[in-house]
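Sharing a structure here in structure tokens format.
We call the chains A, B, C and D, going by the order they appear; numbering starts again at 1 in every chain.
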Amino acid sequence: MSLDTVKNATNTPDNSQPFAELGLKPDEYQRIRDILKRRPTSSELAMYSVMWSEHCSYKSSKVHLKQFGEKAPKSDALLVGIGENAGVVDVGQGYAVTFKIESHNHPSFVEPYQGAATGVGGIVRDILTMGARPVAVMDPLRFGPADATDTRRVLPGIVAGVGGYGNCLGLPNIGGEIVFDETYIGNPLVNALCVGVMKHDEIKLAKASGAGNLVVLFGAKTGGDGIGGVSVLASETFGEEGPAKRPSVQVGDPFAEKVLIECSLEIFAADLVVGIQDLGGAGLSCATSELASGGTGGMQVELDRVPLRDPSLSPEEILMSESQERMCAIVEPKNIDKFMEICKKWDVTATVIGEVTDGERLIITWHGEVIVDVPPRTVAHDGPVYQRPLAKPTYIEEVAKQTLDLPMPASAAEIKAAVLKIVSAPNIADKSWVTNQYDRYVLGNTVQSQPEDSGMVRIDEETHLGVAVSTDANANWSYLNPYEGAKLALLEACRNVATAGAKPLAVTNCLNFGSPEDPGVMWQFAESVRGLADACLEMGLPVTGGNVSFYNQTGDVAILPTPVIGVLGVIDDVRTRTPMSFKDAGLSLYLIGETKSDFAGSEWAYLHGQRGGVAPVSDIPTAMRLNDLLVAGRTEQVFVAAHDLSQGGLAAVITEMTLKNGVGAKLNLSNAAMDLLSETPGRVLVAVKDGAKLEALCAKHSIPVAKIGETGGDSLIINDATIALTELRKAYTETLPKLFS
Amino acid sequence: MRIGVVTFPGSLDDRDAQRAVREAGGEAVALWHGDSSINNVDAVILPGGFSYGDYLRCGAISRFAPVMTDVIAKAKEGLPVLGICNGFQILCESHLLPGALTRNKDLHFICKDQELEIVNNKTLWTSDYQVGQHITIPLKNGEGSFQCDDNTLNMLESEGRIVARYVGENPNGSRNLIAGITNERGNIVGLMPHPEHAIEDLCGPGTDGLGFFTSILKAMVK
Amino acid sequence: MAKIIVEVMLKPEILDPQGQAVASALPRLGFNFAKSVRQGKRFEIEVDGEPSMADIEKAAEVLLSNPVIENYTVRVEK
Amino acid sequence: MAKIIVEVMLKPEILDPQGQAVASALPRLGFNFAKSVRQGKRFEIEVDGEPSMADIEKAAEVLLSNPVIENYTVRVEK
């Protein structure tokens, strides 16, 4: 095929172009023609199609995501907000922390290992791009039923991929989630979170300013990886028989990324870049257009200078290639030699591919001929915006009417059986078969990781300043009530951070949903965003960034609405954090917060095949008082241990607390079934030496608290039911190895 | 006491090894794989990580790094060298230590707190431990299964050159539960688990690992 | 007793970080003969009797290789 | 332009967990033909001109294989 230059496009206005195959609607194609006042060249068409795809343009979600900005509480902590590669918050002592979640769901279904691996690689580059040193990762995951054949294919591959890439980068994995549900079969969710740390004055932005400055592409060579992947993958729903369009998958090279990280940090430290952008989805199309529109607008790129792994690539393919482990920097000419020197030291390929120009156009040439001449904003930011129709799905009212009919254990035998049943359920059971494949120690600053409520890393060895991060979603509640579900997920993530004694500071999210072309799904999405925005406003927490993943559905069956919420908290002295478990006998066990009969969306209901009922309703003022209480209790050293109650309720929590250090407990419960299995949000089980001190603290924050038992012995005793820890451990730890080894 | 820690492309636990040296009271000197010499440090640590991505075989490519020429030459003359995890793999690939480290028997990367028994405290790196002492330090690798032929194994056993063994279930399929070995002279030690991640209570399973670093510092003042 | 050899290589368009690492290490050791290196897997399968080639092909496709990124070849060794 | 094939297999006495894993997975998938499986590496090296076989043998011995646990074979592919 001959080169389609701008001149050629002008002379052949009527050539028909495959815009539909590239995922563009006729009116979108027409808009491109209006913008350019001619037909686009094939390279321009490639750029627009990939940048205007759902994944890159957020065309279906934009109108809703706006709320995060509009409702945003004013927060002095926010240094960089939504719109950059990741938000940045001030954590004190001159430190800034950046964190973000991104999804890599569809690629991980097609090729579990590489899909998950490159998912980790992508989010780490986003964090690096902000100027930060990545210091930890997390991996919220969702799978089909644990015993489904496809789960046996997908889960081990995804876990190996998350570990294979993260371990090789030397980033501790400090947490995540593993949840099984029918709706994720064929649509596993691989969300990856990365946290990075820098000093305030080290923050970098994606902008190309200063005419004459050089555009430098560095890192891996460009190959045919995932060409069109970004639009195809994220915009095409999967048919029954599997992915509608199987993309050429991207293969990650974690070693190349590790070297790229160290090389980039050395370049940042020498202050050699004006702007920087990672190459993720949409590759060079995204990097060049975002850099240019982030700056003054003018940029000239000689595409034939791009180092290729596969010399047969056409200019269109080079622009769309999603080859991993690449970065694009804007460098002043006076600094280019130093820049190249550092790249040479790290054996990183670096090439000047163009320069920043006056004017407002992004011009790309191929062997001297102009193949792209566009206003970069129109590619990067002026994509289509959809007001997708919303309709409350009929199931909402139906499930709300259903009344649950669940067995309520009463006798000692029933209580014992119920506890063993719930703690051996795949969703509750010990996840160390997975997490033991992740390095949690590297970098030497991991204070908490799995199975603690939140991951915690030290960021200053002298002052002991640290951050805690948790990600949460309760899709069962979101299914029953998306608005409350999103709020409750935020509250849980905050509580998980506060339980360790850290103060919640900022929010990120990854919104995983079905097809936005389904009004019911779109309603779930809109309600979730509204709930999250309202809750963030009420709690004074800024949303710093996030990601949206649509089309997670097989045929017309969508996944449960799964808004994964990440919360970052700061803790002034990590040495005083409250751990999840106790080592001593004779401590008093208190339940903070009130237990109601909340079985809708509970694990107990799920285990009995019941999805209906009315989800709990969030109580934000109380939740905020509880968080203050937890932080205060840590500072005043009231708690020996504290553990948040969520899926699996008290039964799961007391099991985890006793098994962690092999110290038993005795509980006296007035209503064993409800106390053990209900999942009323806003509760924390604590172990204390001085009960009076705790009661005073709770009174001060007007939070109900009740003594329910004490620690000690080698079994878990609940009223007159006795479970030896050995038996409890067997039930809790055997499930995953049995399924996946 | 100046202890060099070599950073290869893909080294990960190099900063942690330096921190451990400082915690033990020594001076940590960063060495670069491309350096032509170890500029007269008193001992060298080859840290853990995935040097060169563990591609081909763990340590196979790093072994040929410029700095290794000097490390290998001086190690043969008695320079104290500790290879941790990837460092152990590099020492085996360099044939400074016998045997090889291969895929864990269950084929997974393993990260866990591992109990070890110290079986030789005559090396420069283990003198602060008691023979028979049990310690717990992190084990984290995908290719930590120590393999060698029967003759080599008998030699290691009969010459008392096994430094530490895994206690309890064999985590990775290593022959005779071998977690670490030394050379005839006892100046070179290779260890699969990570003592540098057990030097403080906060960010690891206690301080059992510190002994490797205090041992060498004492050995060098003598 | 026959021996079956299954060779699995990454498809040509797929990135091969291992092969690249080897290719760039060779010159550093003074070996300059390699234009490019690809690294793959080789399985030696001892079989008794006369297994059906179809079976072995199937096994190579579903277990020994990942058709998304790899190609395989099967042959019987005399 | 010639292509050189280097095959590297673990020595028979060295434990091969990958081969074992394959051997035990095959029957589970209904394939019962395998008596034993060994997994090794295969390198495809593109060379231009006529490299000295001695060079290639040397590279296979010092870099591509580890004599402590592996054997290798080198051949030129037509």
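The definition used in the following text is that a contact is a pair of C-beta atoms (placed from the backbone, for glycine too) under 8 Å apart; a residue touches a chain by one contact, two chains touch by 3 or more.
Here the structure is a predicted model, which means the values were calculated and not measured.
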- Set of chains adjacent to subunit B and to subunit C: A, D
- Query: So which has more C-beta pairs touching, A-B or B-D?
  - Reply: A-B
- Distance from the CA centroid of subunit B to that of subunit D, rounded to the nearest Å? 29
- Message: Rounded to a whole Å, what is the gap between the Cα centroids of subunit A and subunit B?
- Response: 36
- Mean-CA-position distance for subunit D and subunit A (Å): 40
- Query: Between subunit C and subunit D, what's the gap in Å when you average each chain's C-alpha atoms?
  - Reply: 9
- Item | Where subunit A touches two or more other chains at once, by residue number | 253, 255-256, 347
- Among all residues of subunit C, those touching at least two other chains are 17, 21-22, 25, 29, 39
- Message: If I count partner chains per residue in subunit B, which residues reach a count of at least 2?
- Response: 52-53, 55-56, 61, 64, 106
- Message: Applying that definition of touch, give me each pair of chains that meets it.
- Response: A-B, A-C, B-C, B-D, C-D
- Can you check the complex and tell me which residues of subunit B touch subunit C? 52-53, 55-56, 61, 64
- Given the complex, residues on subunit B that touch subunit A span 9-10, 12-13, 15-16, 19, 34, 49-50, 52-55, 106, 108-112, 138, 140, 142, 194, 196-197, 202-204
- subunit C residues touching subunit B - in the complex, by the definition given at the top: 17-18, 21-22, 25, 28-29, 39
- Task: Would you mind writing out the residues of subunit C in touch with subunit A in their complex?
- Result: 10, 13-17, 20-21, 24, 66, 68-69
- Task: Report the residues of subunit D in contact with subunit C in the complex, numbered from low to high.
- Result: 1, 7-9, 19, 22, 25-26, 29, 31, 33-49, 51-52, 55-56, 58-59, 62-64
